[in-house]
Amino acid sequence: MIDPLVVERLIDSALAEDIGFADLTSELVIPATARAELALNARQDIVLAGIDVAARVFRRRAGCTVDLRASDGDRVKSGALMAEVAGPARALLAVERTALNFLQHLSGIATLTAQYVERVAGTRAVLIDTRKTTPGLRALEKHAVQLGGARNHRLRLDDGVLIKDNHISVCGSISEAVRRAREGAPVLTKIEVECDTLDQVKEALASGADMILLDNMELDEMRRAVALSAGRVPLEASGGVRLETVRAIAETGVDFISVGRITQSAPAVDIGLDAVIRA
Amino acid sequence: MIDPLVVERLIDSALAEDIGFADLTSELVIPATARAELALNARQDIVLAGIDVAARVFRRRAGCTVDLRASDGDRVKSGALMAEVAGPARALLAVERTALNFLQHLSGIATLTAQYVERVAGTRAVLIDTRKTTPGLRALEKHAVQLGGARNHRLRLDDGVLIKDNHISVCGSISEAVRRAREGAPVLTKIEVECDTLDQVKEALASGADMILLDNMELDEMRRAVALSAGRVPLEASGGVRLETVRAIAETGVDFISVGRITQSAPAVDIGLDAVIRA
Amino acid sequence: MIDPLVVERLIDSALAEDIGFADLTSELVIPATARAELALNARQDIVLAGIDVAARVFRRRAGCTVDLRASDGDRVKSGALMAEVAGPARALLAVERTALNFLQHLSGIATLTAQYVERVAGTRAVLIDTRKTTPGLRALEKHAVQLGGARNHRLRLDDGVLIKDNHISVCGSISEAVRRAREGAPVLTKIEVECDTLDQVKEALASGADMILLDNMELDEMRRAVALSAGRVPLEASGGVRLETVRAIAETGVDFISVGRITQSAPAVDIGLDAVIRA
Amino acid sequence: MIDPLVVERLIDSALAEDIGFADLTSELVIPATARAELALNARQDIVLAGIDVAARVFRRRAGCTVDLRASDGDRVKSGALMAEVAGPARALLAVERTALNFLQHLSGIATLTAQYVERVAGTRAVLIDTRKTTPGLRALEKHAVQLGGARNHRLRLDDGVLIKDNHISVCGSISEAVRRAREGAPVLTKIEVECDTLDQVKEALASGADMILLDNMELDEMRRAVALSAGRVPLEASGGVRLETVRAIAETGVDFISVGRITQSAPAVDIGLDAVIRA
Amino acid sequence: MIDPLVVERLIDSALAEDIGFADLTSELVIPATARAELALNARQDIVLAGIDVAARVFRRRAGCTVDLRASDGDRVKSGALMAEVAGPARALLAVERTALNFLQHLSGIATLTAQYVERVAGTRAVLIDTRKTTPGLRALEKHAVQLGGARNHRLRLDDGVLIKDNHISVCGSISEAVRRAREGAPVLTKIEVECDTLDQVKEALASGADMILLDNMELDEMRRAVALSAGRVPLEASGGVRLETVRAIAETGVDFISVGRITQSAPAVDIGLDAVIRA
Amino acid sequence: MIDPLVVERLIDSALAEDIGFADLTSELVIPATARAELALNARQDIVLAGIDVAARVFRRRAGCTVDLRASDGDRVKSGALMAEVAGPARALLAVERTALNFLQHLSGIATLTAQYVERVAGTRAVLIDTRKTTPGLRALEKHAVQLGGARNHRLRLDDGVLIKDNHISVCGSISEAVRRAREGAPVLTKIEVECDTLDQVKEALASGADMILLDNMELDEMRRAVALSAGRVPLEASGGVRLETVRAIAETGVDFISVGRITQSAPAVDIGLDAVIRA
């Protein structure tokens, strides 16, 4: 779960952005004393992510209570009731769109991730994410990926070393790049090397890298890389992976498959919000 | 264009989120004096949005220059060079992913929006967006929608009045709700009423509302609403609009069609970044 | 009412500004366990604004309770008790000045606004405000204006289009300026045109503008503008309006009169704060 | 002069508040390449304050230059040109209102302060301010007071000790309160005691207080307090001071007269902004 | 005590810095329902500072309670229990290091300060601090100094005037520098002059300065300065003061001795945290 | 090097904290046009850290230039000139203390770290830091540690897994704790297990942990742990390490030795700042 400090800051920014000075309509037409009850229902099959964030959005308003009927990570069937919310009508109407925007976006990521994960079931391959996330939502999106059944690659640029082609060329060799990284990186941080060719894979294996990224390789090359490594270090396949191609990649024997699409291109899931207001 | 103050704040948040304390890899393996040149190329046909934001991301770093070859709103062909960037290698590598994350996401929205807009070409209908945006990115996404050829509905809860079913029920009638809103809203703000039935449309027309939203109506109902209004106030069609259905809706004669998908579910566009680093 | 997120941020800034590291005097001379009771009394007739903000200032401190005897918008007579506050003495003394600064300033605006509103009673003219507000307090001051019985013009630069002389000259004509605005503005936002002459008023009426601002016109010109418009679009009179002149302007038949003085030059109202402290 | 960090933060907040996502009108109707020239003229006699802030507002936008013709503290005659500004038209129009809002408000304070200062000319009394300032603008308003010829009392609660009646009552005596304060206050901070009676003045003089505040005393009492003190510690007169009464107070021989009205109730000064825009 | 607003902001920054997105280890290996009990024990003799801050750190997490067994300012013996904390295990483990970092650092300052204070016991000299504090922690460190038995000099650059050699040289004389300061400083702020020689001390005494700083003087010079001043204004000794030298300085008869080391170079105290976790 | 965004934020906070509204003394006694030249000299042998931060502090002010004569990581001899700074006198005097506070604190850490590193020269042991840092300064202090010749452990709670005794007890076994961590941790993050006994070391070796922490073990136990591991995973010695004991620990053959004192208890180094001001 993402730390509450991080989540609360995101919520406050999102609410400020959507509300501005006030929810004009509700302030003008709804009495201050009116109360509302909201129900959130799934309108499609969903792997749930962000219900905890949505609950915090509602609870951020004085007097609002949330009764969760499902938890992050749950597989929710279309039609299922996910949460009931009650509180002052003006308060709830001012924040409902923000709550849904978080919930639909994050559940979209978890749901798409789960589809990729299903495709590789039975292989040794584990799905992982990338840094291709929506600006501002990295933490929540990385968590949604986990809820969808995949794992995270690195969280940001300071918690993992990934030596790419440009780093290698400026260092002269993979081994020199790995040497420099090994000397200076925090001791709990792993070093991964991006390889375009099998020769680079051999050099990376010799360099003491902790992990190797196979960049845009053909399936056959991947299989040979798997054979070369022979389990010495984990191999990650990367580059334009799609739902249609992920299974074949998994069957080459790689350990990890990273997919940018799960965070960059997941459509929002459909969630209904029904409200009853009493004056 | 979105105000620079808004954009710079988003950029700083996004960079802080992705970099953390430092770009570990580049700091460790690339000499401080190395320089880099980056080229951004379209890998698919794109309606461009966010190139201005991306340029600001690079320019946020000392010594980085950007040479734009395309502008926001341009229709860029697959393969086209969109920008060249030069500067200290460590600085550029630390920010390139953030620049791309903005650019791919926003261009995704503009590109999808343009597809919807094309579908309604020749009708009187104008595509508009909703408040279904990604938390934190409202301003940029609304601008991307404009670049894609559509217009914005309202920007947030304080710059437009939209009276929905719940507001109506708590007021007793549409006319009472409109009256309350008219008395208190800023004088440059319009008042729109959401209607589920043709009876409500009639009541809304009588109430002096500035605009009417037809919520999830059948095509035939929409046509009758258009006839009822007879051009007196603009009509907006809303509810589950898809690429496949938007044309038929436009042909009912409505003035506006709002689509949540263009901001909620647009896949990122494919953009390549090629780098050359010199020690 | 202004959204709590907006208000709480303003309160925290104001408290930080006034307190610094600590309320030196109270920390040094009052025991930590001492309690205080405060009473807020009107020392003049007041149209109340900011009592809700003041209450939030006190409640921001642990253990402080507020018993409100009057509400925002109330017309309070000189001598009336408006609120009683109780809590730890150090906490209350540290924040009382900030609470009063909000309350006296905002009630000053509401009280002056109400005087203008009274002057135009019985005419069709509605008083409205401007963007001439105190930096940082826009939201609260706009709300105080409403409590004083007037309405808001626009809240900021993004929620209304106001085409001024400079915009017109660079576009070549009013109709071209309105056309450009109409094409790009959010659909719930109105377009107003500032006119210096009756010829411009005619052009603006023809352009499809939603509202017309009569800038610094003589009373006679205003009357002719009212005749020209004949109710087609609302007319706003603007420019150096004073308590002495507002009635005559209202009697020309304009729909709105905007007054910068109500937010720019309202004197603070006199409010007394009596405290009792018990060790 | 107030520190640039403080000023820049206030400017950014004020701009964000007024602009929102963008200056809708100018973005829509003015070409991106158009340039503007602005001239700021005094429309009344002004003691200038905030021209430095206003210049920073304009300079905050890329490509804007400011040519100051008058400086903070200057006495500017009605009709005088105070500054010329040039830059991209969209940029200047987006920020001009904010620049003026600072300038008119702060010059209003300096101008009113100067009127009070003039009234006491030739006496020993020095005008000082209070903590009755507009929330968020304390630093700028305190500086405007200096530009008007008065001095500051304390800046906030942590840079001066002011022992009031409540502090005294909870301590049991003035001397005990002063003793506690003396033991714990920073060594460069003075200790002032508020006195309602001449007996209290005697006790305060004996307590070693650095300064004495005469709260709401009659003129005759003040004169007797001046005689009692005989120059040992500075005396401050306080309480409902007005332009009509300040001279008589000054002639009692007090050292300082504090006035809340100069910061709480100063009307904005009239300043004209003329713009020329070229496409 | 430092104002809660200041403290809460520092705590939130510190937690964000240490936690990042989440406490990875505890989130992964400890069940969400597990509870923990922590005990904080002194492992050396300590003058306690920061226990109030540490308690706020724990209380910042939902469901955490703190039972304080010692208070800030207490002299705690090695082995003593200082606080017991209980709450959700994940929440407590995520914040314990931050709580300890504040507590050990601030108690280190109070403990070292107390050692200096003890050395000057029985003399008239009072220990004071400087602006040589850790960036970001000024308020808390100044408070720790008070808890250690010393007093504060000034809190920052705006709450005291300290005229140094450079200020004097640019003004031409001490008396001119003091005159300028006296005219413009807030009236509750004292003016101190830094002197390198006895001639300067004489000039400073004549100038009407409120306090004199003897900069890096020999003991004998200090004694002569004390004789010169003869109690007219307080004298502060400053410059490289150490535990070994502070007594001799105090015996010269100076009123204040400022020590940078108490805030710049105090080693953290040793505090143990024992935890019990129940699934 | 720490990312400029992180550093600039810390600098702004530190300046705001020290300056408040303004540098009162310099604003009052130094003419606005006066210029200053500063020289920073080492007054002891120093391993330099923070000179880059100090330079940024000065450059944050308009018109200030910095000429660095030494770089972060340099071993500077007592008496050496490290930097020359020039600019407006008021600007430089307002920020010099903040620049020095960063520089002396961070160089203190680097200098103490280097002393520890020297002690273990010739052994295989590498010095590493902990999370025992000063709240707010984690990034800068971790970087100072590197400049002193040691490496970082983890940067915060989300970039490394460290399974401690409490985690183990709630999981039932080391292997279960490692299993849970392995399943959920980002793939570039290592998993370390804290062990109190040799039996635990054996269990940790079997569990597949990436690294083992030997907590407060005797030298002899450490040697046996080294033998048990036989180079399979790196071993870290931890617990109360001092300059006097670090060599013996290093000679046991452990790979890493973590020391809290280098960040928690490093005394500030002595640095002189000489200024010349010209009117």
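Letters A, B, C, D, E and F mark the chains as written, and numbering starts fresh at 1 in each.
Everything that follows uses one rule, which is that a residue touches a chain if its C-beta (ideal position, glycine included) is under 8 Å from a C-beta of that chain, and two chains touch if they have at least 3 such contacts.
Just so it is clear, the model here is predicted, and its values are computed rather than measured.
Q: Go through the assembly and pull out the chains touching chain E as well as chain F.
A: A, D
Q: So, comparing C-alpha centroids, which chain is the farthest one from chain E?
A: With centres defined by C-alpha atoms, farthest from chain E sits B.
Q: Of the pairs C-D, A-F or A-C, which has an interface that repeats that of E-F (more than half of the contact pairs shared)?
A: So the equivalent interface, with over half the same contact pairs, is C-D.
Q: Whole-Å distance, chain D centre to chain E centre, using C-alpha means?
A: Each chain reduced to its C-alpha mean, chain D and chain E end up 32 Å apart.
Q: Can you check how far apart chain C and chain F are, centre to centre, with Cα atoms defining each centre and the answer in Å?
A: Taking the mean C-alpha position of each chain, the two centres sit 51 Å apart.
Q: What is the distance, in whole Å, between the centres of chain A and chain B, each centre taken as the mean of its C-alpha atoms?
A: 22
Q: Counting in whole Å, what is the centre-to-centre distance of chain B and chain F, each centre being its mean C-alpha position?
A: Chain centroid spacing, chain B to chain F, equals 44 Å.
Q: Where in chain C do residues touch two or more of the other chains?
A: Answer for chain C, listing residues that touch two or more other chains: 19-23, 27, 94, 138-139, 155, 158-162, 183-186, 189.
Q: Line, ring, star, complete or other: which describes how these chains touch one another?
A: Contact pattern: none of line, ring, star or complete.
Q: Let me know each pair of chains that touch one another.
A: Pairs satisfying the touch definition: A-B, A-C, A-E, A-F, B-C, B-D, B-F, C-D, C-E, D-E, D-F, E-F.
Q: Under the definition above, what is the set of chain A residues touching chain C in their complex?
A: 12, 15-16, 19-23, 27, 32, 61-62, 94
Q: Enumerate the contact residues on chain E facing chain C in the complex.
A: Those in contact with chain C are residues 1-6, 138-139, 142-143, 155.
Q: For the complex, which residues does chain E have touching chain D?
A: Residues 126, 128, 146, 151-155, 158-162, 183-190, 192, 210-211, 234, 236, 256.
Q: Which residues of chain A touch chain B in the complex?
A: For chain A paired with chain B, touching residues are 10, 13-14, 17-31, 34, 36, 89, 93-94, 97-98, 100-102, 104-105, 108, 131-139, 155-164, 166-167, 169-171, 177, 180-181, 183-186, 189, 260-261, 264-265, 267-268, 275-279.
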